[in-house]
Each structure stands twice: as C-alpha cells, then as structure tokens.
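Each in structure tokens, the structures are laid out below.
Each of the two complexes below includes subunit A, the first together with subunit B, the second together with subunit C.
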Partner chain A sequence: MAIEVIKPGLATTVQDLGRPGYYHLGIPESGAMDHYALRAANLLVGNAEGDAVLEATFQGPELRMTENAVVAVTGAEMQPGVEGVAQPIWTSFAVKAGQVLAFDFLKRGARAYVAVAGGIDVPVVLGSRSTYALGALGGLEGRALRAADVLAVGKTAAAVKAGRSVPEALRRAVPATAELRVLPGLYDFRVTKAALEGFFSETWRVATEADRIGYRFRGGRPLEFVPRKQPFGAGSDPSNIVDTCYPYGSIQIPGGSEPIILHRDAVSGGGYFMIGTVISADMDLIGQLQPHAPVRFVAVDMETALAARREANQRMAALRASLQ
Partner chain B sequence: MKTRMSFGGDEHIFVELDEEMSLEACFRALSLAKAVRESRVSGVSEICPANASFQLRFDPDEIAPRDLRAELEAIERASEAAEPVLKTRIVEVPVFYNDPWTHETLMRFRERHQAPDMTDLEYAARINGLASVDALIAAHAAAPWFVSMVGFVAGLPWLYQMVERSRQIEVPKYLRPRTDTPRLTVGHGGCLGCIYSVRGAGGYQMFGITPMPIYDPRQAISYLRDFMILFNPGDIVKFRPVGREEYDAISREVQEGRFNPRLSHVTFSLDAFHADPAASNAKLVEALDGH
Partner chain C sequence: MSTKTIAAPLPGTFYRRPAPEEPPFKNEGDPVAAGEQVGLIEVMKTFTAVLAEEAGHIRRFLVENEAPVMAGEPLYELEI
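Up next, the complex of A and B:
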C-alpha cells in the first residue's frame, strides 16, 4: 500500500508525536503542531495514537491511494473529498484503490491531519518519523512533500471500519479570538511593570511569519525595558541576554517589538529575553491559528497551568473511551 | 555568581548560574546538568546545558514542579563541593580564514552591516584593537575554545575562547540578520564563536569556513556514521588555519570517506586554567600531537 502525491499542498509534512531527547544538541522534538488532532486521526483509523500522519498546512494535498484505504482527517476545517464526493472531518472514511483524495479550501484552523490506517511508513530517525525540515531530518528525505513523491503505508493490524466519528463535544473548535495562557517568568523582569501589563492587555495578531519553528505576533505596542548595564557576553541590545536554551512555547520579544512563540521545530537557544511560556495545554491551539488571527495572552499561575493540563488529559481520556 | 530558577510553563525549569558569560558559569551549568542526568530524576526528558544556564524539560504528570525544584536545589547543594574537573575531548578544526565563499556572502549583505566598507574580518580586527586581519586570525586560532552549548539548529556548537576576559574577541552581530550563511562558516557574535552546521540565516560576523562537516542527518560521512552530530557541550576546539590547497584536500578526503577529525581525550581542570591559562591551554593542545 502506498500514497502517490499528485499535489503536495503548501507545506505538508510527515509527523508523529516527535523525537524528544536531543534538544541539548539542537535537534527539536518536531512532531504534530496539534497533538490532539493527530491522536484523534490515528484512533479513528485504528492506528496507535502516535503513528505518523500527514500534517497539511493552510492547504490540503491531492493524494492517490494505490490500494483500498481507510482515512481520517482532523484538525483544521478543510473538507476532504474522494473523487469529488465530500467526506466529513473527524470521521473515518474509505478510499478505494486508485481513487484521489483532495481537499476544499481552508475554512477554519490552520493544520489538517490526515491519518491512513497502517500509518505513514517512512524510516524512523532518532526514534521518530517526524520531519525536521531545518535540519533535513526525518520524514520523507527530511523535507515537505513534493509532487510525484510516493509514501509507503504500514500494514494494518486488523480490519478497520469506516464511519467512526469523534463526538461533537470532543472536537476542539478554534475560537474567534484565541486566548493563550502564559506562565510569566524567565526574563520578564527585563521589561517594566507597565510594559508587562500592556503585553497581557492588548490584542495581538498572528503575523505572516508563522510556521513550525515559531509564531510571530504584531499589533501591540513595543515593550519598554528596565535600564541596566548589559552583562558581559549578552550583547548590546536591551532585549539581549547571554545566549540560553529556549523552552518550547517560550515567548521572546526581540527588540521589545514583536513577540515570537517557539513551537515544535524550535530553535533550541539564542540570545533574546523571554517574557514567559505558553502552558502545555494551549500549545495545540497555536498550531491552528491562521495569519492575522487575533490573540490575547492571559497570565496564569502554575496551579492554573496544571489544572488546564489535567483537563486536557481528561479530554484525551474521553476521546480514547469514545473510540474504543 | 547567583543561581536563579524559573519555570518555563508547566514543562520546563530554567536555571541561570550567572547573568554574565564566564568559563566558571559555563562549567557550573555543564556539571549541574551532568549531576541531574546521573541522579536520574524521574519525569525529566531533556537536559540542556547552555552558556551560563541550563534547562530541563519534565512531565508534570510524573513529577510535581515544586518537587523537581526541591530536587534541583538539593543537587546544587551537593555539587558545590565537587572539584571542577571535566573529562572531555579536544578536537582540531581546520579553518580556511578569509575564504572566497563567506567573502562572497558577506559582500551580498553589506547593507546589513555596521561597517559596509569593510569585511567582517577587517571590522572585527579594528574594533578589537588588533593591527591587522592576520593578527585577528592569529588570536582566533591560538587559544582553544570551550563548546559552551550545542544548539540553535542541529549540531551547531557555540564556542567560548579560553583566555582572560581582556583578551576575548568581541563583536556585535549584524544590524539585521543575513538570510544566507554558507554551511560550515566559522562565525563570531558577542563574545561567542560558532560553526554553522547547516546553511541558513545568521547574524554572526563571518571569519572563515571549515572543510570538516559537523552534522550529517544521512549519516553517510565516515566519522558521523555512529551519530549525526560531532560536538557535545564541554568539548574543546582548537582551530588550525589552512590555505586553499589543504581546504580542497580535506574536502576530497571527507568525500572519499578517508578523513578523520584529529581529536584526543583530555582532562580539563578549571583551577589549573585559572592558575595559569597559557600553561593549561598548552597542555590541552599538546594532547593533539599524540593523536
């Protein structure tokens, strides 16, 4: 069983749940920007939760199946169609040998996850099939899909049924204005109290520079720094620090003007101060934000972050139970 | 030095050993990161030493953030008495300084530079009070460098030269980052050097290029077959100037699978370094002769 790529879409890559363990050497975890959507897609087609799928960004690919397949699409609202017949999202459906799976325009969200029963079978590199394009690592030859690529699909353990569906209540919708919860910290003391308050009270917009490495934001006022003599080795700009490791989800603001949230393909370190870190429960949502989408940052404490994480874990447990 | 801890969301804890860069702070970050690794704290998935800090990633479902913090504080107290000694490697990196490829690239990005009428080397020599580009190259290649961190992108080593602060080479980064840097460029920004492991954007001043790949995701290069990345934090680097002919010869050897980096296992003592930096460095570099 294989998938022939007729059209690749804008930026479609093979992703699973990533390759932790090498961040200290500059290799980021990679993996689906939206873990929940990836897990749901896999469960719908009877795969293991962390099997490799296709992550299609802003635009869907056109794919021909060489054999009968069961497919599910989750995440962004980008309606799939088989030979022109519309298929539901968050639901498994059949694609017959030789048929073409294509996608309608993106309506909501940013990334669709396309799981195929058996999982995408590219070589495992450092424990994962995820693509890390900046390092030309993993996935299909370390890059996004191109026309005429052929992807192998693994064998399915048992016969898989089409027509399984994620209950409406368990499909996460992207709100009109996203609220990203942030634990302030790291180097937040570098900006004035007023600047910090401004950061959390303004509405920002996703910039066009928004990809798997990081999401940039515009629209808020520049942040004012607390004056200091720069420490040796930090660099002369007040937003510079001695180069350090960047947490996933950390928010750096070079020059105090445009915040950048690092995501799954993060650059692992650098010399810009960080104001805080998006909590783990809200990382998936970032991957579903389109350029120009309005966003507010909400300061929370560790207890709130952990409560939100428990809630996300419970929703995941409910999803598993509903698809058993 | 004053240790400061801060949580990076609910999955990271950040430990800063010092606000400013020094070999002590870097050494301390590295040895604490090592102590954490050896103590096998549950729930920790990433241990990342950096220049004057380190960071852990953890699973708060496995270990509560406050418990992890308490464990780290205990590890820090226990490690204070440890002798600052590191068993590591010294690796020789051949460099073609003032090469045609970084020169071509820097000429394309002159409008992003502080001194558009000079090359990066000329500029760095001038602002460091050195008489000539050759004097800068001699200083760059004379004393060894400590790999203070590996990252930004896969396999990129950040380097801190093992000399007194007054002798550190310091240069600002480009005014605006370049959109292109040749792969294997030897760069410098602030007080730190680096070797660009892949081609791409960059803001460091460009001094030269090495023919010796340091990252190979395909693991086809002979000495990167076991692991795709050459450098680890704590490695020591010695640059050796080479000309065009030797650059081409090494490139050919790499291609034909005949090249092996010159490297030796050494023990580095921070106290011995402070007592006599020149003698300590000479001893480290000598180890390369035995290679």
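Up next, the complex of A and C:
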C-alpha cells in the first residue's frame, strides 16, 4: 500500500507526536502542531495514537491510494472528497484502490490531519517520523511533500471500519477570537507594568509569517521596556537578554513590537526576552489559527494552567472511550 | 458571456504586482489565458502564484493589492 502525491498542497508534512529529548542539542520535538487532532485521526482509522499522519497546512494535497484504504481527516475544516464525492471530517471513510482524495478550500482552522489505516511509513529518525524541515530531518527526506512523491503505508493490525465518527462535543472548534492562556514570567520584569497590561488587554492578529517554528502576531502597541544598562553579553536592543534557553510556548517580543510564540519546530535558545509562556493545554489551538485571525492573551496562574492540562487529558480520555 | 467568481486558494496577503515598483500582473479588463499569473499570495514566508484556471477577461478584482485574504474568499471576477 502506498500513497501517490499528485499535488502536495502548500506545506504538507509527515508528522507524529514528535521526538522529545533532543531539545538541549538544538533539535526541537517537531510533531503535529495539533496533537489532539492527530490522535483523533489515528484512533478513527484504528492506528496507534501516535502513528505518522499527514499535516496539511492551509491547503489540502491531492493523493492517490494504490490499494483500498481507510482514511480520516480531522483538525481544520477542509472538506475532503473522493473522486469528487464529499466526505465528512472527524469520520473514517473508505478510499478504493486508484481513487483520488482531494480537498476543498480551507473554511475554519488551519491544519488538517490525514490519517491512513496502517500509518505513514517513513524511516524513524531519533525516535520519530516527524518532519523537521528546517533541519532537513525525519519525514520524507526531511522536507514537505512534492508532486510525484510516493509514501509507503504500514500494514494494518486489524480490519478497520469506515463510518466511525468523533462525537460533535469532542471536536474542537476554533473560536472567532482565540484566547491563549499565558503564564507570565521568565523575563516579564523587562517591560513596564503598563506595557504588560497592554499586552494582555489588546487584540493581536496572526501574522502571515506564522509557521511551525514560531507563531508571530501583529496589531498591538509596541511594548515599553524598563530602562537598564544592558548586561555583558546581551545585545544593545532593550528586548535583548544574555542568551538563554527558550521553552516551547514561550513568547518572545523582538524589539517589543511583534510577539512570537515558539511552537513544535522551535529554536532552543537565543537572546530575546520572553514575557511568558502559553500553557500546554492551549498549544494545539495555536496550530489551528489562520493568518489575520484575532487573538487575545489571557494571564493565568500555575494552578489554572495545571487544571487546564487535567481538563485536556480528560477530554482525550473521553475521545479514546468514544472510539473504543 | 457569463461571469465567474474565482476564489482565493490560500489565506494570506494578496499582491497584484510581482514587486512594489512593477506593474500589476493583470489589470481589470485584461484578457487572461489558462495558467497565466494574476497575483501572489504570501503566507508562511512563501509567495504562491495565483494562476488562472481558465481563460477569459478579468472583470474586476474583489481584493485590493496587499490586503489580507481568506482561503475561499472571492478574489476576482472572470468573464468567460
């Protein structure tokens, strides 16, 4: 069983749950921007939750299956169709040998996850099949798909049924204005109190540059820094600090003007101050934000962040139970 | 003659010119051949060419140069 790529889409990559454990060496975890959608897609087609799938950003690919396959598409609303017949999302459906799976325009969200029963079978690199394109690592030759690529699909463990569906309540919708919960800290002392309040009260918009490495935002007022003599080793810009490690989800604001949330393909360190960190429960949602989408940052404390993580885990448990 | 509304294939920023100082790819009223470039959409630091899928005349653009555009949003009208 294989998948022939007729059209690759804009930026379609092989992703699984990533390769944690090498960030200290500068290799980010990579993996699906939206873990929940990836897990749901895999469960729908009877795969292990962390099997490799395709992550299609903003635009779907066109794919031909060489053998009968069971497929599921989750995440962004990007209507799949088999030979022109529309198929539901968050639901498994059959694609016969030789048939073409294509996608309509993106309606909501940003990234669709396409799971095929058996999982995408590319070589495992440092424990994962995920593509880290900036480092040319993993996935298919370390890059996004191109036309005429052929992807191998693994063997299915058991017969898989089409027509399995994620209950409506367990499909995550992308709100009109997304609220991203942030634990303030790390270097927030570098900006004035007024600037910090401004950051959390304004509406920001996703910049067109936002990608798997960092989600950039525009539209808020520039932040004012607390004056200081820059310490030895820090750059001259007031947003510079002495080089340090960057956590996933940390928000750096170079020059105080455009916040960037580091995401799955993050750089591991550098010299920009960070105003805080997006809580782990909200990282998936970032991956579903389109360019120009309005976003607000909401300050929360550690207790709220941990409660949100528990809630996300409960939701995942409910999803597993519903698809057993 | 009929008018068809062509939608943007991607979200991003729409450009009607290859560079700020250069003339637009197409003006309103211009004939266009299938596969000819009518604009650019910038997203994720990548510029993707917007190509005409069929021949006709461009009646009018519905999105301004350098304006944000959503996938599926009407981009221009084509007379065929």
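The working rule: the second predicted complex is superposed on the first by the 324 of 324 C-alpha atoms of A that agree within 3 Å, B and C clash if a C-alpha of one lies under 4 Å from a C-alpha of the other, contacts with A are read in each partner's own complex, and residues count from 1 in each chain.
The rule is short, and it goes like this: a contact is a pair of C-beta atoms (placed from the backbone, for glycine too) under 8 Å apart; a residue touches a chain by one contact, two chains touch by 3 or more.
Since we're looking at a predicted model, the values are computed, not measured.
When the two structures are aligned on the shared chain, A:G81 is found in touch with neither subunit B nor subunit C. When both complexes are overlaid on chain A, the residue A:Y23 reaches subunit B alone and has no touch with subunit C. With both structures placed on the common chain, the touch criterion links A:A11 to subunit C but leaves subunit B unconnected. With both structures placed on the common chain, the touch criterion links A:G219 to neither subunit B nor subunit C.
More residues of subunit A lie in touch with B than with the remaining chain of the pair subunit B and subunit C.
By the touch criterion defined above, A:G154 reaches neither subunit B nor subunit C. Shared-chain residue A:S268: touches subunit B; no touch with subunit C.
Under the contact criterion defined above, no residue of subunit A touches both subunit B in one complex and subunit C in the other. The touching residues of subunit C, counted against subunit A in their complex, run 7-13, 42-46, 48, 68, 70-72.
Listed in rising order, the residues of subunit A touching subunit C in the complex are 10-11, 57-59, 104-107, 110, 208-211, 290-292. Chain contact summary for the complex, subunit A toward subunit B: residues 20-21, 23-27, 125, 132, 134-137, 142, 183, 185-186, 231-236, 240-245, 247-250, 267-271, 274, 276-280, 302, 305-306, 309, 313.
Chain contact summary for the complex, subunit B toward subunit A: residues 6-12, 14, 16, 18-22, 33, 45-55, 57, 60-61, 65, 149-156, 158, 165, 172-173, 189-192, 197-198, 200, 215, 217, 228-229, 232-233.
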